[in-house]
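Read from first to last, the chains carry the letters A, B and C; within each, the first residue is number 1.
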Amino acid sequence: MTSTTIDDAPYIEPSTKERRNYLNDEYGVLSWLLTKDHKRIAILYLISVSIFFVVGGVIAFLMRLELLTPEGDLFTSDTYNKLFTLHGVVMIFFFLIPAIPAVIGNFILPIMLGAKDLAFPKLNLASWYIYIIGGTFGVIVIITGGVDTGWTFYTPYSTQFSNTKVFLTTMGAFITGFSSILTGLNFLVTIHRMRAPGLTWFRLPLFVWSMYATSVVIMLATPVLAITLVLLMVERVLRVGIFDPALGGDPVLYQHLFWFYSHPAVYIMILPGMAVISECVAAFTRKKVFGYKFVAFSSLAIAFLGFLVWAHHLFVAGISVYAALVFSFLTMLVAVPSAIKVFNWTATMYKASVSWNTPMLYVLGFIGLFTIGGVTGLFLGALGVDVHVHDSYFVVAHFHYIMVGGTIMAYLAGIHYWWPKITGRMYPEWWARLSALLVFVGFNLTFFPQFLVGYVGMPRRYHAYAPEFQVLNVLSTAGATVLAMGYLLPMIYLGWSLKFGRKAGANPWGAAGLEWATTSPPPKENFHETPVVTWDAYDYPAFLKAMRETQNV
Amino acid sequence: MSDVTLHHGAEHAAEPHKHAHHHPFLQHHFEDLGQQHEASTLGMWFFVAQEILFFGGAFCAYFIYRGMYHDAWKLGSHHQDWKIGAANTVVLILSSLTMALAVWGAQGAKRKFTALMLILTLILGGIFVGVKGYEYSVHIDHGLFPGAQTYTNVEATPELTQQVQLFMTFYFTMTGLHALHMIIGAGLLLWFIKRTWRGDFGPEYYGPVEIMGLYWHFVDIVWIFLFPLLYLV
Amino acid sequence: MTDFPLFPEQASSVAPLVDGLYLFLVAVTGAVSILIWLVIFYFAIKYRRRPDNELAQEQEPPAILEMTWTVIPLLVFIGIFIAGAWVFMRMNVVPANALEIYATGRQWMWKFQHPTGQREINELHVPVGRTVKLTVASEDVIHSLWFPSFRVKQDVLPNRYRAFWFQATKTGRFHIFCAEYCGTQHSGMIGSVVVMEPTDYQRWLAGGTEGSLASQGEKLFQKYACNTCHMDTAGARGPVLAGLYGKTRPLMDGANVLVDDNYIRESILNPQAKIAAGFQPIMPTFQGQVNEEDLIRLLSYVKSLPAPQSQQVQPVESAQSQATASGATGSQPVVIPPATSTTTNQ
């Protein structure tokens, strides 16, 4: 019978010696801007994605203000159209796609593998600079008048009709895609070739399996977006008819090419979230994740099946009935591995030791909200219902449940979970719990009414709407206000904790995993001596025993 | 659970890091040159896979339109001079040969030979791009560059004219992207010639030349698909 | 502000089917979601960390559990697919004897043309209880015609006809929305469908004086001298058009073509694309001379021509069959350079 107590106080409390770590190793702006240390690069990303998150969030709030009343009385139609386009572009390309991989993945993945850095540190820094260049294009677009095509850039509107900054925006997305690809490449090679001695594939934390699957999707899907955007730019600049029917082209071909990337892209956004959740579930239940192999393989299954379903975005776009039937069927299949994960995480909590710390609160929120988001995907995959709800607020609610109720909650879970490791400080627990509550309540109030107003008949991307939709819209805006506060608070208290937070030891949570087998913050080379792994993932007794024998903390 | 430890990293975990026999090009986050070589090679293979998807999207669109506008596609390829294309193909294949020889030379620390092979590869690549430039200028003279202002070639019907213009759009986009990859490759070759001359490569460290070769061969293979599809339809 | 619907009106024959499927999904997914919520909160409370419960008790999970919650969801999801597909197929087969109305979308208005010639902008009058088949095309960008109360929607593409149908079951005024973002006034591209009792509808129709769409098309047929080649005499230069609609005909290159809306449209705008077997490629193009509304009139006229007694008339094909002709993208796009007078933007 395993002991149900932990004697790991030496690791929870900070050590009394002041040690060199990656933060105090070198000082100066250039030591950060020219760093090859994956941990510092992760911090650079943290700052930049946070800025873009605020930009995208402010835009969303402006949209919700407009939607308080049925008339379009706050902004002109053109301005509103630019707002929703930029909200999508900024949130997807400059926040959601990089956030968990480039911030948490960059920092934690090499340490989790017992490696000194990623396989290609200079390429990692280049990734960040490429991201900044792409993001700069986005900023220039915002400043010089915006773009109004929707983040999907459907033709022929985007190539022949819109007179906004389409070229600059697609160029920005194109460039940022390279950043994503290089990060994915780095992760794949690191996972294959730089695992610590003893760390076999089936001893890897589930975080690694999910990040691996994410990286495969990034590598195979993003280049297709790249070429699609190139063709879009060619058509716009030269005025030829690749996708414009007036000049001999096919607009539905554009949609196929676009969604061939953009559907796998949603898995690029959710798989890292699932990666974080697996880690947090294990840590805050102090138990092995139920059905390790099923969860690991489900990540790969999601990656694979995710490539087969893109045309479910085109059910009413003009594809044949037979194509619609095939893609509807495949869409149902891709839901299965996600369901397996939800059940397995839930089962992990059975007879566990469940902590109510902030990361776990976000985990509970994720499991509940991702379930709702996922099952509403079934509504959209069911052909008879999709005809009615396609391009309505039902779709908007569905993807926000997954992206915000799922990915962003997972991101916040990860940031709080690994905050002590990254900064050496604890965040203030009660403020964090309050924020989690605000986020949860605000989120549901914002987006649940959107399912209802969508089914009732409100189309998406509407600046003004029919008066009977107002009540639900007012509820939604009220929720957005609460949600905004829930997001604002962490920015404040996390910043505060850098100076005033309680100092953390190597393993403040008593969790298992190589990242907890080194100091908080870690030294520049991650480990003073290369760890040798002899335990399975999340095997707490074995891990804690090994910790007592290491020189790393 | 077992105490089985993994591959070559294990020996290094046991003994302290020896700086005395440190290869100058071993990067510090790798355990040894072997790991570094394997990682770099794997990285280049993944990069090539991603590039295949990139060109693949263009090929896919090309094939869809080829099915729809079969006659126009035939006319479009008749606007290309297959003899020049074939000659260029031979040039590129030769450049892959010299590149492969350069890799072999680097492995054997044959400094002058390797540098010569790399220079030949660069020259052959330059010839390819130059010939492509010549072909482009001929097309532009004949009014075949796509665009509302620049395309003046006329076929039997307005629809055919429009469709041939679409073919030319694919021609310029795909060969243009290919040429861009070659120019980047040429830049890399210059850097490698410098490193070879400096004596960087030998039997224990030739990986960079090998992955340069991998990239170059990939760019060659893309052309081997482009040539028949654009010139020989 | 006091009266807000949480559920749309059911005003068409398929609306109950769609709503039935929707509510079934709400019940099943709602039950599962609530179950998961309850279980995670129950576990989080019951197994919360206490000083005597710092580490979990490990146990080996039975593999059967894993298989159960893989196979059961899979079967449920496949069931959802089948239900959704069934409703979808019902929506895709156009019932016979449909009233054929044409709709054009352009930035930022809807234009409807009735077979008897009435034209409407942003409003559509239809009789209750009668199947209405809408054939739609766009004059500029992609739009989408959505009748929420009927639960039907179809993307409206430039240069390509698509068709869908509804049968209104209630009189009244219901929303029409554009559901594909199309530029500045996308949210203003709205209107109403007015469903009337049959007698009221007849009375409303009598108000129009232009003559039916088909008779307007006949005038155009003569105006453009189509009748000088397309004659029902031996040695005529063009194929006989009477009774041709819905049939399959051989082409000069050996392939066969289904004579549907898109084929007729293509034959007028790009006659060289497909030459009927046994005829010379001499038909001139009318690209630039006929606009969208004229095309609809000519199309109505050709469709209205009864077959000569020696031929059988084929029934009207299903709405989606014209989409199965070729290609990954649905149907052959028709090539027209931008020269028609009605394709202005902004």
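Criterion: a residue touches a chain if its C-beta (ideal position, glycine included) is under 8 Å from a C-beta of that chain, and two chains touch if they have at least 3 such contacts.
All values reported here derive from a predicted model rather than from experimental measurement.
> State the chain with the largest centre-to-centre distance from subunit C, centres being mean CA positions.
Most distant chain from subunit C: B.
> Between A-C and B-C, flag the pair that has more C-beta pairs in contact.
A-C
> Nearest whole angstrom, what separates the Cα centre of subunit A from the Cα centre of subunit B?
So the centre of subunit A lies 33 Å away from the centre of subunit B.
> Please tell me the distance, in whole Å, between the geometric centres of subunit A and subunit C computed from their C-alpha atoms.
For subunit A versus subunit C, the centre distance works out to 37 Å.
> Take the average of all CA coordinates in subunit B, do the same for subunit C, and state the distance between these two points in whole angstrom.
46
> Could you list which residues of subunit C touch at least two other chains?
Only 328-329, 333, 335, 337 qualify.
> Which subunit A residues sit where two or more other chains touch them?
247-250, 253
> Which positions in subunit B touch two or more other chains at once?
64, 68, 159, 162-163
> With touch defined as at the start, can you tell me which subunit A residues reach subunit B in the complex?
Contacts found on subunit A: 115-121, 181, 185-186, 188-190, 192-200, 219-224, 226-228, 230-231, 234, 238-242, 247-250, 253, 257, 260, 525, 529-532, 534-536, 539, 542.
> Quick check on the complex: what are the subunit C residues that touch subunit B?
Interface residues on the subunit C side: 270, 272-273, 285, 287, 326-329, 332-333, 335, 337.
> Contact residues on subunit A for subunit C in the complex?
1-6, 72, 77-78, 81, 148-150, 154-157, 161-163, 245-253, 256, 285-288, 290-291, 294, 316-325, 328-329, 332-333, 335-336, 339-340, 342-344, 346-347, 349-356, 360, 364, 367-368, 371-372, 375-376, 378-379, 381-388, 390-392, 452, 455-457, 459-472, 510, 540-541
> Show which residues of subunit C lie in contact with subunit A when the two form their complex.
Answer in residue numbers: 1, 3-8, 17-18, 21-22, 25, 29, 32-33, 36-37, 39-41, 43-44, 47-49, 51-59, 61, 65-66, 69-70, 73-74, 77-78, 80-81, 83-92, 107, 140-142, 144, 146, 148-149, 151-155, 157-160, 162, 175, 177-188, 190, 320, 323-324, 328-331, 333-338, 343, 345-346.
> What residues on subunit B touch subunit A, complex-wise?
My answer: residues 1-7, 9-10, 12-13, 27-31, 35, 38-39, 42-43, 46-47, 49-51, 53-58, 60-61, 64, 68-69, 146-148, 150, 159, 162-163, 165-166, 169, 173, 177.
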